[in-house]
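First the structure, which I've put down as structure tokens, then a few questions once you've had a look.
Residue numbering begins at 1 within each chain, and the chains themselves are lettered A, B, C and D in the order written.
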Amino acid sequence: MDLIGYENYFWLSTALFSIGILGILIRRNMIILLMCIEIMLNAANLMFIAFAYKWGNMDGHIFVFFSMLVAAAEAAVGLALMVLIYRKFKTVDISYLDKLKF
Amino acid sequence: MEIQNIIFIILSALTLMCALGVVFSKNPIHSGLLLVLTMFSISGHYLLLHAQFVAIVNIIVYAGAVMVLLLFVLMLLNLNKDNEPQKSIMVKIIGTLSAGGIMISLVAVSKIFLVQKSMQGRPIAEDFGYVKSLGALLFTDYILPFELASILFLAAIVGAVFLGTRSVENK
Amino acid sequence: MALILFIPLIVSIICFLLPTKWVKDFALAFSTTFFAYIIYLLFTDFNPQNDFHYTFQNLGIRSLGAQFTFGLDGLGMLMVALTNFVVMYVNIMATKKGYSSRFYGLVFLMQFALIGVFSCLSAFFFYVFWELALIPIYLILLFWGTGKNRKETFITFFVYTFVGSLLILGGFIFFHIEAKMGDYDGFQYLNMVTRNLEGYNALIFSTLMIIGFGVKIPIFPLHSWQAQTYKKAPIEGTILLSAIMLKMGIYGIFRWVLPFLDLKHTIVQEITIILSVIGVLYGAIIALRRNDLKLIAAFSSLSHVGLITAGLLTANIYGMQGAVIQMVVHGINVLGLFYIIDIIQKQTGTRNIQNLGGIASKAPIFSILSLIIILGTISVPLTNGFPGEMLLLFSLYLYKPVLAVIAGLTIIFGAAYMLRIYQLTFFREVSVETEDFKEISISQMFALGFIAFLVIAIGLFPQYILDISYITCTHLKNLLATRL
Amino acid sequence: MNHLLVVLVVFSPLVGFLINGILGKKLPEKLSGALGTLAVLISFVSSILLWNHVSIHGGFETVLFNWLAIDTLVLDFGFRVDALSIWMMLIISGIGTLIHLYSIGYMHGDKGFSRFFAYLNLFVFSMFLLVMGNNLVVLFFGWEGVGLCSYLLIGFWYHNVAYGHAARKAFIMNRIGDLGLLLGIFLIFKVFGTLHLATIAELASANLVQPQIINWITFLLFIGAMGKSAQIPLFTWLPDAMAGPTPVSALIHAATMVTAGIYLVVRNANLYQIATLTTQIILIIGLATSILAALIGLYQNDIKKVLAYSTVSQLGLMFVALGVGAYSTAMFHLTTHAFFKALLFLGAGSVIHAMGGEQNISFMGGLKNKIKTTHITFLIGTLAIIGFPLFSGFFSKDEILEKVFEYSPIAWGFTLFSAALTAIYMLRLYFVVFLGNFRGSETQKANLHESPISMTLPLMILALLSLFGGVLNLPHFLPENMSQFLSHWIASIPSMQFMAPSSHEHHLSQTIIFGLMGLAIVLVLVLLFLVYRFYASRQFNILPNQSRFSKLGENKFFVDEIYNHLFVKQIESRSEFLYKVFEKKAVKPFIMLFPRIFGQLGKVFQRVQDGNVENYLLYFVLGIISFILLILL
């Protein structure tokens, strides 16, 4: 029996994704949140690769490639924002960011 | 038991443990470092799945560039265990429940939509996952998204630089 | 004929771009030409025997069944003519007030939307135009309105009509689903009339639609936006609201409610008729004692329109024809009424009839023209108000004699409040405010005289208008007869 | 040719109206008046020509154009000229011409001279529509048209607020009647499927419709007639209508417009023939009106008011005649009344003119020698109205009495009482105004003068008519070719043959008829004597009224006040209530309830939007979960 089937990778990636969500929900440090987002992205990437392997189709790789690009861009802008926020509020605690209301 | 399966189990365990560590570690620095480990183990999975190029890119981009950036920021902001904000226990419980809920629903979805259908895989080609074949795909079928991605990068660079310089001016 | 529809849009854009100096002449010249063109079409090119004219359908979202279908039948053509008439008068009235170019742009945008409403044969785009018509009028009210708390009033108006519109959209979707219209062409009027709903579905549909349209008309308990909005709106806005936007609601009932009525279950119809009749009386009684000319006009409008709605919903041929002619006539008369109010307000600076008086001796021609228009509104025979009111009352009488008696009281009350304002403003001794009242200028005489001419002409020859809408009404009557 | 004549009759006043109305003040006074008079004169001449035609060939119809046609509701703008309408046309145009002529003198120097003639011409035009319309809708055009002209003319001197009120009152009360008429028209169309008068008459004779429905129809039409002819309960506008210039009172509120109700009933006599219940109502209302108005008339001191109440009373008498089914008798009294009441009003106008605008009779007296022509003509009018033997009023009133007696002796008693009251108040008026000493101011005395010829000429013509008008319908005991001309004339309309007098089948014996006539003559003579004695002993002065009853009479039995309290005040307070309380405190809050509910809901859900990103994240995740579950389930 081959464990390296899409099924097992599905469980793995689901678990990773849930861990990412968990992190987002229980942590307040914005940088940790960013990290958790990366975990979730990676869970999705993993799924792509697993299915690409399953179907013998390399389109999935391309998608992962692009999602990495986006993640990189996001990290760059996101971190720049975070530095800015820290300078302004002197904290990275998202519960202080409650100005987003009417 | 084949060697691949053993590697899979070990890697999976490592991935999950590291990911949990990212979430639960008190010190942001530790989180960052554990995330790097997670990335490495995921790259291991990629290798198992014959995605060599992606595995390498993953290490270079994520573990290399992004994570270094993250850690750099962490250290720049001088964040450590002492001033790490904590949530109330209630929020933590709700969060855990929600995350569990997501997991259960995803599992349920997969049980219903994926597993029930018999999915006959296809054998992989000789050059599956090679840089050459990936490149051929990227520069033929996906040339437009590729170019758009470069524009996105440009925008991201401009954005990051702009944000950085504004803050200097403010001071 | 996409020309009729899209020219106002183009003109609207041009108006937005033109400098204020030139825009008013341009607007006036264009709207007069366009009105003349429509009248020319109406009497030469337009053949009332045919079903729909100037149709085209080529654009649209086919997968939604929402095709961009247009066509004008007698009813639509009359309404388009009325729209152009009203817009022309709005431009005439606006000339001396120094409005900026965006006012004219909004007016023509409104015209575009209104023509769209009156010519659209697709429920989907009907709704689009219906909503589009709301935007310019709201902006006109907001930019040029007066009075305290006006923003609140106008937001009330906006919310009211917007909720009404949503109900209409809901009604259309409900119909689409329940009547099992196909995906393709499912929102086409001509396809929709071939189906009908029955039982509760029909009741739900007609309730949704009647409330939706009823807000704009307005039918009795939904009228509370009306008086204050009329009062605080600029007079051009009031005219657009009362002379033409109100007709949108009646037209909506005509085109989108009547053909889908289930004549076996008439409870909604009955309740609406009763409410409308209550509105007739209610508006008239309130108007008896008000002193603000605009308020009186608003409540009289409530009263007149209630009669139209009630007569229309009796769904017999007299009611329909009466409603058509009364829609046109009410448009003309209410326009005339507000024009008079505008002239008085501009010259004296007040709208309170207690402070006015003696205008008849200062401006005899103005007072005679006003008298003709006022006689039209109280539907003295051989003025334009009479044939419509007679037909509507007759249709109500055939429906339920008691209702005709109650609604008929409007004949008495209408005369009472209209003659009251006529007496208090034009008769009596000259007051402080009217001491310097001057006879109206030649151009105003022309403008007002044309309305007075129409009042008499339509009263003498109502058949011309009835002929235009005859086929529409007959079709509708036959359609309803098949449902019984 | 006939078509042209009909057009000429109807539209020459309209042309007069247009010329006078549009050119207005640019015309010199003489020309304006001449034009107005000429317009009506043309109608009169054309009417005479038409009369000639009708008497030879019978009635005819002519249609101008189709006014409105929807399915079976086809309404032509058409005219019907038959014995009945030509009779009315002659009265209208004949008396109209005289009154126009009179107005030239009376309105001399008024600022609104041309406007006055324009309105008068418009009135004549509307009146022609009323009597000549071949269907009920054209009749209704005229019906409302005359109401409108009446409004304009009563409020002619618009500076006066009270006059304006009177005008409005007249119009609104008329409109109450109009509503009844309109509903009657609807019912007729519903029942008969046509509004063509001749067809209705035919169908009605066929007796196909239930009597109850006919009763309804006739009653609704009668409501219209009540409004226009000032019967109880809609009579209070007519005395107030005296605010208008006196020629208006003579033309509109005595001779023509107010008789439109009579015309309407006679025109639909075929329906009223069947409607037994309605005719009884008409009889009762006619009697009550006649007596009440006469009682009020006894105590009025305004010369025009007295005449106004007299008109109401006389109209009541005509309705009594209609109520007993004596249609041609009513038409006869209508005709003679038009003569002598127009005469009286014009005479009163001449008196007022002489007195420089004074209308109160307590300041008059002794005018006998000052204004001779007026005096003589007024005397003839008075004698005619009280039914002095051989004057026109004598014949018409006697015929009514006879017909009523035939119907019911009790009703006859009341009618006789009303006739006696008429004699009393008219004689009182005459004595107080023309006999005794002058009681006005010195300036008035100095300025007393006879009116110009344009005013006295109509007076004289009308006096002649009042004297000899009786020959139109001489009693039936005279040889057949001499008597009952009018009845025969109207009965020449095919559908109205039932009106033909038939002396052979008479229920009453000759003795009773002569007895009744003798009684009436004696009554008039006795009253003449008594009233003369009464006023002669007081130097023809008006007595200060003391008794409680006279207070009632002076205050018109408080009918106006009662109406005011019962209806006007009620509706006005409703209006205030609805606007200030109901509209603002009930309707608006009720509608505003919905926004408020949503507002409150919004406040609840606002807490959710607290701006805290972590909470947003939580909701976001919960949303995803529920969304997935929704798909799954």
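Descriptive notes on the structure:
One rule holds for everything that comes next: contacts are C-beta pairs under 8 Å (C-beta built on N, C-alpha and C of every residue); 3 or more make two chains touch, one makes a residue touch a chain.
Since this is a predicted model, take the numbers as computed values, not measurements.
Both chain A and chain C are touched by D. Of all chains shown, C has the CA centroid lying nearest to the centroid of every protein CA atom. Judged by contacting C-beta pairs, the busier of the interfaces A-B and C-D is A-B.
Separating the centre of chain A from that of chain B, both taken as means of CA atoms, is a distance of 6 Å.
Taking each chain's centre as the mean of its C-alpha atoms, chain C lies 38 Å from chain D. Inter-chain centre distance (chain B to chain C, centres taken as mean C-alpha positions): 63 Å. If you average the CA atoms of chain A and of chain D, the two centres end up 94 Å from each other. The set of chain C residues touching two or more other chains is empty.
Shared interface positions of chain B, defined as residues touching 2 or more other chains, are 87, 91, 94-95, 98-99, 102, 106. Chain A has residues 21, 25, 28, 95 in contact with two or more other chains. Across the whole structure, chains are in contact as follows: A-B, A-D, B-D, C-D.
Chain B contributes residues 2, 4-5, 8-9, 12, 15-16, 19-20, 22-23, 28, 31-32, 35, 38-39, 42, 45-46, 48-51, 53-54, 57-58, 61-62, 65-66, 69-70, 73-74, 76-77, 79, 84-87, 91-92, 94-96, 98-100, 102-103, 106-107, 110, 114-115, 119, 121-125, 128-129, 133-134, 137-138, 142, 145, 149, 152-153, 155-157, 159-160, 163-164, 166-167, 170 to its touches with chain A in the complex.
Interface residues of chain D facing chain A in the complex, by the touch rule stated above, are 606, 609-614, 616-618, 621.
Interface residues of chain B, counted against chain D in their complex, comprise 87, 91, 94-95, 98-99, 101-102, 105-106, 108-109, 112. Within the complex, the chain A residues that touch chain B are 1-4, 6-12, 14-23, 25-29, 31-32, 34-36, 38-39, 42, 45-46, 49-50, 52-59, 61-62, 64-66, 68-77, 79-84, 86-87, 91-93, 95.
Residues 21, 24, 65-71, 73, 137, 140-141, 143-145, 148, 151, 155, 158-159, 161, 164-165, 167-168, 171-172, 175-176, 178-179, 182-183, 186-187, 189-190, 571-572, 574-576, 578-579, 583, 587-588, 590-592, 595 of chain D are the ones that touch chain C when the two sit in their complex.
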